[in-house]
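Next come the structures, one after another.
Shared between the two complexes below is chain A, which pairs with chain B and chain C, respectively.
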Partner chain A sequence: MEGKTTYWQENLRLIFICLAIWFVVSFGLGLLLVEPLNAIRLGGYKLGFWFAQQGSIYTFVGLIFWYTAKMNALDKKYDVEES
Partner chain B sequence: MDELKLYTYIAVFGSFAVYFGIAWWARAGSTSEFYVAGGGVTPMQNGMAIGADWMSAASFISMAGLIAFLGYGGSVFLMGWTGGYVLLAMLLAPYMRKHGKFTVPEFISDRYYSKTARIVAVICLIIASLTYIIGQMKGVGVAFSRFLEVEYDNGLYIGMFVVWVYAVLGGMKGITYTQIAQYCVLIFAYTIPAIFISLQLTGNPIPQLGLGSTLADGSGVYLLDKLDTVVTELGFKEYTTDNMGGTLNMFAYTMSLMIGTAGLPHVIMRFFTVPSVKAARQSAGYALVFIALLYTVAPAVGAMARFNLMNTIEPAAGQNLEYAERPQWFKDWEKTGLLKFEDKNGDGKVQYTADKATNEMVKVDRDIMVLANPAIANLPNWVIALVAAGGLAAALSTAAGLLLAISSSISHDLMKGVLTPDLSEKNELLAGRIVMTISIIVAGYLGLNPPGFAAGTVALAFGLAASSIFPALMMGIFAKKMSGTAAVWGMCSGIGVTMLYVFQHKGIMFIPGTSFLGDMGPNWFLGISPNAFGAVGALVNFGVAFAVLKVTGPAPAHIQQMVDNFRTPHGGVTAAHDH
Partner chain C sequence: MNKHTKMALMVAPFLILGGYIASDFYIEDQAQKQRVFQLVPYGHCDVINQSCILKSGEFEVNVFDEAGITKVNATFPLDTATLFLVDAEQNVSTHQLGMTDSPYYWQSPTALRSLIPKKGDKYKLRLIANIKGGQYISEFYTQTTQ
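Presenting the complex of A and B:
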């Protein structure tokens, strides 16, 4: 049982990191901090606007693949892979 | 027959022929194939199918139009409808796949060892899915009547028949493989016009980059800056900063859409079709890639459509369009009543402003933006034909997924699970098909006679999923001690609060005149609009469930053991669709 608890704890830690990033790019940079960020430009985009309509979505995609890769490694580490 | 009509017939009926072919090839022989496509769908295939399932007539037709008129405020849909997949991939899908059952209510009934919980879940699922289907059926009818000049009713019958053939014959298996084809059709239909328009306006073929580029007219001005100037001069709010109802409202709205997305049963169900936990995580990633392809193009389509519209009406400040010289698409949409002009000052020119007293474009329906876009930009006829086929693919694929969610919850959860547990597999399969046929007829009837509240109910579907299903599933996985009693209390109070709030502002059962508080800003709790209230409902659900848990005590040991089991990919009943 010892090993299982740690696997779950590591998973929780990973989820926490991912959801923190998820929150920061969308609710943080895209909504709460949008006004100060809009002073910075990314080509024709105001940065806050870009995060809200483009950047957050790209980050979401990256996050899921990163989490998937990390979890595959974790499954291996704790030897809980599916047969 | 003119060229456009010929192309449209080829695109629409050609795509239907492909769907039928796939349906015949992938017909279902067992309940496992009917409900979860035999559990053998690869993550990439499942990702595409989820994409088609998810992207409905609303995503395809309405979303870019909403963004075009809401500007920055439209971001809530972009973030809300994609961010939910992060939650699905990390909080729900892998564990529910590990548990290895057919439906969402079945998971809830196992985890909360309660038939009450299962019935509550079935009710939420049916309400959420049915309200959603009405919108799809209307989309099918509109697409047919606009592009093929078939009567709305006949268009709807054709749509019903097509869905019936491949959904009833193939079940989840047929639907999955058809959805893959439908995804391809709809993504091409969406991006090709966008590429053309981006190229015309900015010289950059990639719409996501075009939106951030300078205009191709040699002025060196950025497209978004120009759009901001044009709309503010006419008294509209600045495009890139117009925040719909304030920051808190946008915050709550985005959160509601995110957790609502993660809690919609027809999406979750798709994760039961893959062979393993690993594949469930992966398919969430692929799904979001395929969805992001459309969702990152949508803001470009919206902004460019708005730009083109403004530019057609007023090419340079003070030089307004002569009404007599209006382009063909203007006349076409005037015929549908979705675009209306009224020459208030009698100068024969079109004035489009934010001021109601002088604005002469008295009606510009948001939904026409995507459909009219290729014509506004003078694109070739085959592109317009493609858009028709794409709109139909989006509506049909979502309708099929929803029908399966409804029929499985009735035949598997209510009949097999609660009423007649000794139903044989063969009879259950037959029951599933009969229920699906009935659902199609009900959905068609509602599409023909859309209840007055149809527009408000899609928001209700998200509100319900966000305030009831998502919290119940999440606590079931992450709070090991969560008990059945506490979860049922949580679900009921979450839905209760959300429905009460929606009804108090929009009328009881959406009947006009029965609302006891007006539907406007000052009456909203903390300025949160009814559509955004699902997030608050979810908080209530969590709060009540934990409070009741404290009083009534934790779940029994064997349930906690089961939770431990589905938290790890290996061991227990792996990859089992064994019933």
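Presenting the complex of A and C:
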């Protein structure tokens, strides 16, 4: 029972980290900090604009694989892997 | 593809959609806030000889006169545009410009051409251009160059 609780707590922690990154990338870099970031250029594009248009999407896709890898590691740690 | 990948792939579109909707609300809220920007002349301003551009960031307004009709052409669509002619005694004559063809073009008959017909004549103008969520204001001089 205790193992299940800590597994779930670690799972929740991972979800909150993912949501925090999702928020920082989409709202933080793509909206709230867009003006100062636009002063920086990335491949000819304004960085704030780039985050709003592409960067956040790349991060979301990266988050999917990162979450999966971390969860697989968690499954292995608690010995609840899929057979 | 294990259960975690499937779960992440199922949740991601909802987060993206949620982010899109929340961003839209945020941007809409920001756009509703009235802000004031100052337009400044870009180079020498000569309304009579159709060479007067006012600028604020990416927003530009071209002010020119054709046969006694003072015209304003903006890079963004305007809600209203008002031109003020200010004489040496600071008396103001107000001209509410009317839209022509599209919200990018505004005009009104003014006495400006008869007030500064000769080379070197100078006159003070003020312009207030309203767009959604913003008011562009300017006080500038037009000087006839030829």
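Here is the rule we use: the second predicted complex is superposed on the first by the 83 of 83 C-alpha atoms of A that agree within 3 Å, B and C clash if a C-alpha of one lies under 4 Å from a C-alpha of the other, contacts with A are read in each partner's own complex, and residues count from 1 in each chain.
We adopt the following convention: a residue touches a chain if its C-beta (ideal position, glycine included) is under 8 Å from a C-beta of that chain, and two chains touch if they have at least 3 such contacts.
Keep in mind the model is a prediction, meaning the values are calculated, not measured.
> What does the overlay on chain A give for chain B and chain C, a clash or a fit?
clash
> In the superposed arrangement, which partner chain does A:Trp8 touch: chain B (first), chain C (second), both, or neither?
First partner only, chain B.
> Between chain B (first) and chain C (second), which does A:Asn38 come into contact with in this model arrangement: first, second, both, or neither?
In the superposed model, A:Asn38 contacts chain B only, not chain C.
> Taking the superposition on A as described, I'd like to know which of chain B and chain C A:Ile17 touches: first, second, both or neither.
In the superposed model, A:Ile17 contacts neither chain B nor chain C.
> Between chain C and chain B, which one touches more residues of chain A when both complexes sit on the common chain A?
Partner touching more chain A residues in the overlay: B.
> Go through the superposed model and pick first if A:Ile64 touches only chain B, second if only chain C, both, or neither.
both
> Is A:Phe49 touching anything from chain B or chain C once the two structures are fitted on A? First, second, both or neither.
first
> Check the residue A:Glu82 against both partner chains and state whether it touches chain B (first), chain C (second), both, or neither.
In the superposition, A:Glu82 touches chain B and chain C alike.
> In the overlay, answer first, second, both or neither for which of chain B and chain C A:Phe27 touches.
Touch status of A:Phe27: both partners.
> Where on chain A do the contacts with chain B and the contacts with chain C coincide?
In chain A, positions 19, 22, 26-27, 30-31, 56-57, 60-61, 63-64, 67-68, 71-72, 75, 82 sit in both the chain B and chain C interfaces.
> Using the touch definition up top, name the residues of chain A that touch chain C in the complex.
Going through chain A, the ones touching chain C are 19, 22, 26-27, 30-31, 56-57, 60-61, 63-64, 67-68, 71-72, 75, 82.
> Using the touch rule from the top, collect the residues of chain A that touch chain B in their complex.
Residues 4, 7-8, 11, 15, 18-19, 22, 26-27, 30-32, 34-35, 38, 42-46, 49-50, 52-54, 56-58, 60-61, 63-65, 67-68, 71-72, 75, 78-83 of chain A touch chain B in their complex.
> Hey, which residues of chain B end up touching chain A in the complex?
Those residues of chain B that touch chain A are 67, 72, 74-75, 78-79, 82-83, 85-86, 89-91, 94, 208-209, 211-214, 222-225, 240-241, 243, 247, 250-251, 254-255, 276-278, 281-282, 284-285, 288-289, 292, 295-296, 299, 564, 567-571, 574-575.
> Touching chain A in the complex: which residues of chain C?
Touching chain A: residues 2-5, 8-9, 12, 15-16, 19, 22-23, 26-27 of chain C.
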